[in-house]
Every structure is written in C-alpha cells, then in structure tokens.
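Here it is, the structure in full.
Chains here go by letter, A, B, C and D, matching the order in which they are written, and residues are numbered from 1 within each.
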Amino acid sequence: MEDVVIVTLDKVELKNPILIEGLPGVGNVGKLAADYLREQLHAKPLATIYSKFFPPQVYVSEEGIIRLVSNDLHYWKASTGAGRDILVLGGDYQGISPEGQYEITQRVLDYCHGLGVREVFTLAGFAQGRVVDAPRVLGAATNAELVEAMKRFGVVFSRNDPGGGLIGASGLFLGLGRLFEMEGVCLMGETSGYFVDPRSAEAVLKVLARVLHIEVDFTALEAKAKEIDRIAQKIHDTEKASEPATPQTREDLGYIG
Amino acid sequence: MEDVVIVTLDKVELKNPILIEGLPGVGNVGKLAADYLREQLHAKPLATIYSKFFPPQVYVSEEGIIRLVSNDLHYWKASTGAGRDILVLGGDYQGISPEGQYEITQRVLDYCHGLGVREVFTLAGFAQGRVVDAPRVLGAATNAELVEAMKRFGVVFSRNDPGGGLIGASGLFLGLGRLFEMEGVCLMGETSGYFVDPRSAEAVLKVLARVLHIEVDFTALEAKAKEIDRIAQKIHDTEKASEPATPQTREDLGYIG
Amino acid sequence: MEDVVIVTLDKVELKNPILIEGLPGVGNVGKLAADYLREQLHAKPLATIYSKFFPPQVYVSEEGIIRLVSNDLHYWKASTGAGRDILVLGGDYQGISPEGQYEITQRVLDYCHGLGVREVFTLAGFAQGRVVDAPRVLGAATNAELVEAMKRFGVVFSRNDPGGGLIGASGLFLGLGRLFEMEGVCLMGETSGYFVDPRSAEAVLKVLARVLHIEVDFTALEAKAKEIDRIAQKIHDTEKASEPATPQTREDLGYIG
Amino acid sequence: MEDVVIVTLDKVELKNPILIEGLPGVGNVGKLAADYLREQLHAKPLATIYSKFFPPQVYVSEEGIIRLVSNDLHYWKASTGAGRDILVLGGDYQGISPEGQYEITQRVLDYCHGLGVREVFTLAGFAQGRVVDAPRVLGAATNAELVEAMKRFGVVFSRNDPGGGLIGASGLFLGLGRLFEMEGVCLMGETSGYFVDPRSAEAVLKVLARVLHIEVDFTALEAKAKEIDRIAQKIHDTEKASEPATPQTREDLGYIG
C-alpha cells in the first residue's frame, strides 16, 4: 500500500490558508488546543490521513462502530473578506517511527501545499518537570520576522529553551515545511509534563486566536482545566496523607496524558 | 522482492463471497475458530500468502518436509442457490511489525476485493484476565445496521469493551476494509488470555454459523476444549497442593497459547 | 540504493549447478562447512553481494586494507563430464532483520536461478544444548523423494527435531526456493551450541561430499576440531578445579562462535 | 518522500576534488576535525542533506530560529593551480538505523561522484578505553599504495587495531566508495572514548593537513583541548576527594561527547 493514504472528503477552494497542527504529545497540549479550535470554529472535515506508520489499530465507539486510527484535516472559511482560511490538523497518533514521522509530515505538507498553504503554526507542550501555575507560551520560528512578530503577542523566545531542539511533528512540520517554501511558528505551552494540561492548551490557543484575529470562547476548556486541577489536587492530598513527613516531588504523579 | 507474494492455487468464480479472518492472537481464539470452520467445510486451497513481514522461518513436518510460514485462503462454495460462498483466511502468523500488518492486510483485502468480497467477518479473542466459564461473544462493526443485526444473534456490544480499541489483524481488516468499500464485523470470544481457548472459539463459531446459515459439527472442538480444561485443572491442583494457604490468582498460569 | 547489490566478478557457463549455502549461525557449522568446501575445491569468485540489510561495517585486514561486509558466491566446475558444477554461498553475516533475510535470500535465489540452479543444499548447526560426541546429521527437505534419498546417506529425519522449524537463511533458501522451482535439502550437524564446532561441520560435509560425488581432504578441518577440543577441555578443567563439588552443566561455557 | 533529499545551494566546478568526511562518533573526533577544517578553510556551503533516516528533530538557535537536522557539504577551492579542491562533509547525526547508514552514504557518494570525487578521507575516533596522552593516528585504507603513502605521514597501521573492523559512516564511506570507484583512507585518532576529544581531532587534522598540503592554524582547537583537560581534571579531583583510597578507573567519567 502507499505509505500514507489521504482520502479527500470535500473539495474546497481556500483563501491564503494557514495550517494549524496539533497532535498528541507532551501534556497533550497541542492536540487539546487544535481539537478545541476545530470544535469552536465548527471546522468541516476535509481529508482523512491513514498510514502504515500509525499503529495497526481501530477504535470502537460506544455504539460499537469501528474507526481506523488516523490524522484528520478540517477547514474553516473566514467570514470576512480580509480574513484567512484555516486548516486544522489533528489525530490519534504521530507516526510511530522516525521514518514514519518524516513520511507522514512530508505527505501532509505536500497535500496542504497543493491547497495553497504557505504558513504553518504548530502547537505543542513544553515539559518543565515541575508544576507550572501560569504557563508561558514559548516560541520557535522559521525566520527572524516571525520571531519579532510573535514577541509582540507575548510569545517568549528563550535562549535556552528548548535546549535540545524539538522532536516530533511540531518541529518537523516547520523543518520540512521549508522544503515546501512554507514559513511557520511553533507555539509551546509550558506544562509539567505529568498531566494532560488544558490550561497550557488555553494559553497557547489564546495567543493563536489573537494572531489569527479569531474569537474563541474558552469556557469549556477552562472547565476541563479545573477538572484536571481537582484530580491533581486529590492525588496530591492522598500522597500527603500517606507520606506526611517527606518532601513532595511532583515527579511521583506519573504521566496521565 | 514484493512485500507480499500471493500465489494463486485455484481459479474459481465465487458468488457474493464473504471473507472470514482468523489468525493467531489472544487465546488463539480467532485461529482456532477459522481453522475449525475450514476443516468442517472441507474448504479448498485458493491461495498462499508469503511475506517478508513474517518471520524468516520454515516449519518441518513429521516426514521431514519443509514449508515456508504463510497465511492461506481457502474457499467453500455454497451448496444451495441462495447461499453465499465463503473464503477463510488463516495462517501461522500475523505480520510481525506495524507496517507489516498494514501491508499484508491491504494486499489480502485487495486480492479478496478482486474475488468479489464486500463483507468481512474477523474472529478474535478478548482477554478478560480471569477465567471465563461461559464466554460471551463481543462485537464491533463498521456500521450501525450490522451492529443491530449482530445483536439479534446474541452478540454483545459493550460500552466499555474493548476500551482501547482493537490492535492487530482483526481490527485492521475492518478498518482498512472500508477503503475497499467492504463492511464487516469483528466477533470476539471472551477468554482468560492465559490459555488457548477452544471453548471461546466454539462460542464465536456458533454465532458465525447461525449468521451464515451453515451447519457445523462441534464435537471435535468440544473435545479439544475438554482437554484444555483437564490441563488447566491439573495446573490448578498442583498450585493448590504446593501453596495451600495463599489465594490463587489465575495470573500464575502463564500464557500457553 | 538497491536493497541488495550483486557485483558479478566472472562470467561463467555452469552445467546443472547446485547451490551450497553456509552462512554464520548456530555453532558456525554451516559457515565452517561451506568455507572449507570452497577452499578444498579451490572454487573461484563469481559474485559479491552487498546489502543495506547487513551491518554498516567494514573489516580491516592485517595489512590495513578495508573490505565491506558481504556475502560471496564462488563456483567450481566439475572435472568429469558426468559431474555437476557447484556454487558455494558464504559470507560475514545473515541479514540482520527479518525483512533483510527475505530480501537477500530472494535476490540471491533469483541470481542463482539465472545461472541455472534448480537444487539447493543448505548447511547449518542444530543446537542440542549438551556436548555432542558423535554428531549426527539431521535433515529437512522440500519433497519426499529427497528425504528418502538423504536417508540412504545416513541423514536422520527425526519426528521431533527441529520441533519449531528452522529460522534464518538455511530454512529460507529452501522455503523461498520453492517459488523459484528449486528443490533442496537442509543438512544440520548436531552441536552443543556453545562452541564453534568444526567436528559438526565435518559430519555435515562428509554427507555432502558423498551426495555430490566429490572428494574432500578433511585433515585441516580435523586439526581445527582438535584445537577446539583442547580449548573446551581447558575451560572444563578450570571449572572443575574452581568448583570441584558441584555438577557441571555445559551451559557455563558460553558461546564462542 | 525520497529517503535522502540533497538540496544544492551552489553550483561549482571542482578540480579533482577530495571528500573529507567527519560525522559525530567516538569522542566526536571526526566531527571536531571536519568542522574545524571547514571553519579554517572558510569553506562555502554546497549542499544540505536531509533524510528520514535522521531523527525527526529540529534545532532552535539562540535567536529562536529552527533548523532541521541535516548533514552538510562545504567546498573549498585550492588557491594554487597545482592544488586539489576539497569537499567537507559534516552534520548533526549519522543515519540512525543500519539501513539508513547505507542509504545516506550511498546517496552522498553518488552526489560526490557526480562532482568528480574519486578519493575519500574519513575522520574518526578510536576508543582505547583509557586516557591517551599523545594520541596516535591509526589508519585503514582501500589499497596497499595508500597504506604505504599514509605510513610516510606517520599514520600507524596496527595488526590488531581496529580488530572488529569499523562500524558506521567512516568505514562505510570507504567500503561503499569502492562501488563508485573511489579509493580512500580512514584516519582514526586515538581517544579515551569518555570525552569529546579536540586533542585527538588535532592529531588527525595535522596528518590530513600535511597530506593535502594545506596550512591550518590550530590555536582555537588547542584552546578547546585545554578546556576539556580542565573539565576532566576537575572531575578527576572531585572523584579523588570523595573516594581517596580507591584506585581510579577512568570508566567512571561517563561519556560527554
């Protein structure tokens, strides 16, 4: 079979479209943000992406209906003449091997290039290894103009973070994107790395919404964030109760995301 | 070499054929059921499937004759005008890498599509992690009509099982099958997951026989089930004798299948 | 690059040639036997086989000259009109992944088929897990006639050995060979599995020489066997000295091959 | 995507060019030497090499600009009529799988062959497992003439080193290079294997400079070497202070490179 199979579900003409990528990863920040954006925009299905580089797995819905694991593109057409159309890429998995990461990213970029995409925003989490109360949004970009532009939206470009670079789809969409003459930005929400982190996703999405001049209602995402807070607090209390005298490191919480 | 090599052994015209898949897996339920069905129907060899995604291994018969590991398609032609022909897919292994799983499944589906297959039943075991006395048959399907149809045959569609979806051939034949415009059902016999489980295979096959309007004599399969029961009982007794005071978890039995 | 690159070194016409395969494996029996046969026949280089499925490695000779790891085909032309020509396949490695095993074997078989090969003998060791004083030669073949023919040369076809089949090149050359309409035999010398075993290689080669009606001088191979015996005895004595009271299992000797 | 993507940045005519390879490896000796040579020669960018056999990773500069991991070719044109032009291959990674090593090496050799390269020097470290005060430069070559020629520059060809051959790019560029009718030499600087080793890189580069008749100012590399010495000494002192009575093995220092 083809390494990557892209099934087009809808034929659309897009106006200067921008690609937003958010796949599972650290704290699931990127996926949470992209999925929430897609829902809030009521973006429509454009294409489904299957690949032998995903696990050989189907999900079963509560009604008993199976669905092959995939990535998915949704589109949103700007309501005003001045606005830009948006493509949102989400999904169940990133490619499960290095080669798979490259193959899938390259195919999706090629497909999106054909739709007119010349700019990419990738959304991700940045693991700090400690609880982050007010997550900053860190950035990396393909050129100096984008760095300056993002700084005006409060994005932090730190000399040392991320030190070892970015591994996975959020970096690769920018890195390979340059071979397709695309420019782009990676927005990374700070997160502990131990939990799925809707609060970090919210921070990322707030920046993105202002950059894209779109309005997003964050009520549902904040509710999710509070639910996670409650669970984290509960675990914290349980630990405190059982080991009252020892200093707590948050390392013990494990990775829930 | 080609990733998957399909050697056709017999040229046949099939009438609205249905594909039954049963490969090695949890409790070997799917393979036991498919192999037993093939034997009871006296299905004839149609094609042998070799692949570099199987282990580089040959089996040696008691007579000293080697045979390269493979999957195999057998066919059975319905005796009555109203009945549907059946293809049974069995074999020694599933593909041993995720990519291999996709490649083999895609090629077999493509081949079967060429033979007229538009419906697939996949047979599997569902590990409960505990001894199951009267195994239920759980289901998952590609559309709501099939879910309803299967419920009428006693197939259970549970909100929570299988929670994480299906991994391997039984899920993939349905998931990829949709790209070939095939609909289908996965029938999963409950099983402990510690033993090969002919009893679970029997439960699955009984449902399938009623769905397909075919008659199957289960005598030999029941004999096999009783033999496994005897072995399990023996291990159980041995354990009891050696550790009389501690509560038994069936986890200790190990995986025999 | 091509997955497998075969560089032809000499153009020859071969008369009904038979392929002898002996690559590194259990006790290095197959490789020892094939290399010794090649030397004794003064077989000439025919082709070198490189592959990305071998390790990315070069060997350096004592003179400082590098050589890329490879498999190699040598040929020997029968001196009498009635005899058959012989191809010997040896080398540094088997393919290091399952897929690599298939790819390399398929390409070499294809190449040999082009040279007229229709019969294959594969040489291997069969690990018994205990010291074997007088190694028998076990067999497996592609058809019943060959089984009967080999029995007349003293080859043992055991109901239970090898129980799980053959894994690796020696099995695969026969299994895939059938897709090239080749018939063949695997000759397996019994060996402990802990040492390189020239004695087992000698047993295998003695059978093969009689089958092929060729004369082989075994002096050098017997010398090698005696050297290994001396080393094994030394280790045995050292162990006995250091742990005089405990029963020895040969498992402690480690794998030298 | 293509397995290996080579983006040409500059079109040049090269005069009898020689390829110098130095990628990350033992003690980072090869990479240090090649990078230093490139800087000292003010070699110009010729081509960037991307591959799905590198990790799916981007680096982020201090200014926040991303860069996809790659290998890179730079060129230097000899100033005198008699001199030879030089190509320097460096980069972030070697291919991360055996197949990847072969694929990348083959593609780069093919590309360089097109530029007229018929001779290759590969630079590497040779791990001695102990501190090496005055690193020798060991050699391996594709033919006896090159061995003799290198001996005249003080390169050591040892009967026993490297015993198991060379694994990775430095060996493979020579081994596969022969399929492109290239001859070549591997220069290996002795190193402990525990540190990045600029001193070993200097030893290698000094030989290479004399072979190529080029002048290199080693001031900066020596400064780097002294810095590493200081760090090593510090660790050594700390260990001595904390475990004063036990003999030190340098194995404890860990691998920093």
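For this structure, a couple of remarks:
Note that contacts are C-beta pairs under 8 Å (C-beta built on N, C-alpha and C of every residue); 3 or more make two chains touch, one makes a residue touch a chain.
The structure displayed is predicted, hence computed values, not measured ones.
Shared contacts of subunit A and subunit D, meaning chains that touch the two of them, come down to nothing at all. Of all residue numbers seen at the subunit C-subunit D contact, under half occur in both copies; the interface is built from largely non-matching residues. Averaging C-alpha coordinates per chain places the centre of subunit A 54 Å away from that of subunit C. Taking each chain's centre as the average of its CA atoms, subunit A and subunit B sit 38 Å apart. Along subunit C, no residue makes contact with two or more other chains. Under the stated contact rule, the graph of chain-to-chain touches is a ring, a single cycle where every chain has exactly two partners. Residue ranges on subunit B touching subunit A, taken from their complex, read 95, 98-99, 101-103, 105-107, 139-144, 147, 157, 159, 162, 165-169, 171-172, 174-176, 178-179, 186. By the touch criterion stated above, subunit D contacts subunit A in their complex at residues 1, 5, 7, 50-60, 62-69, 96.
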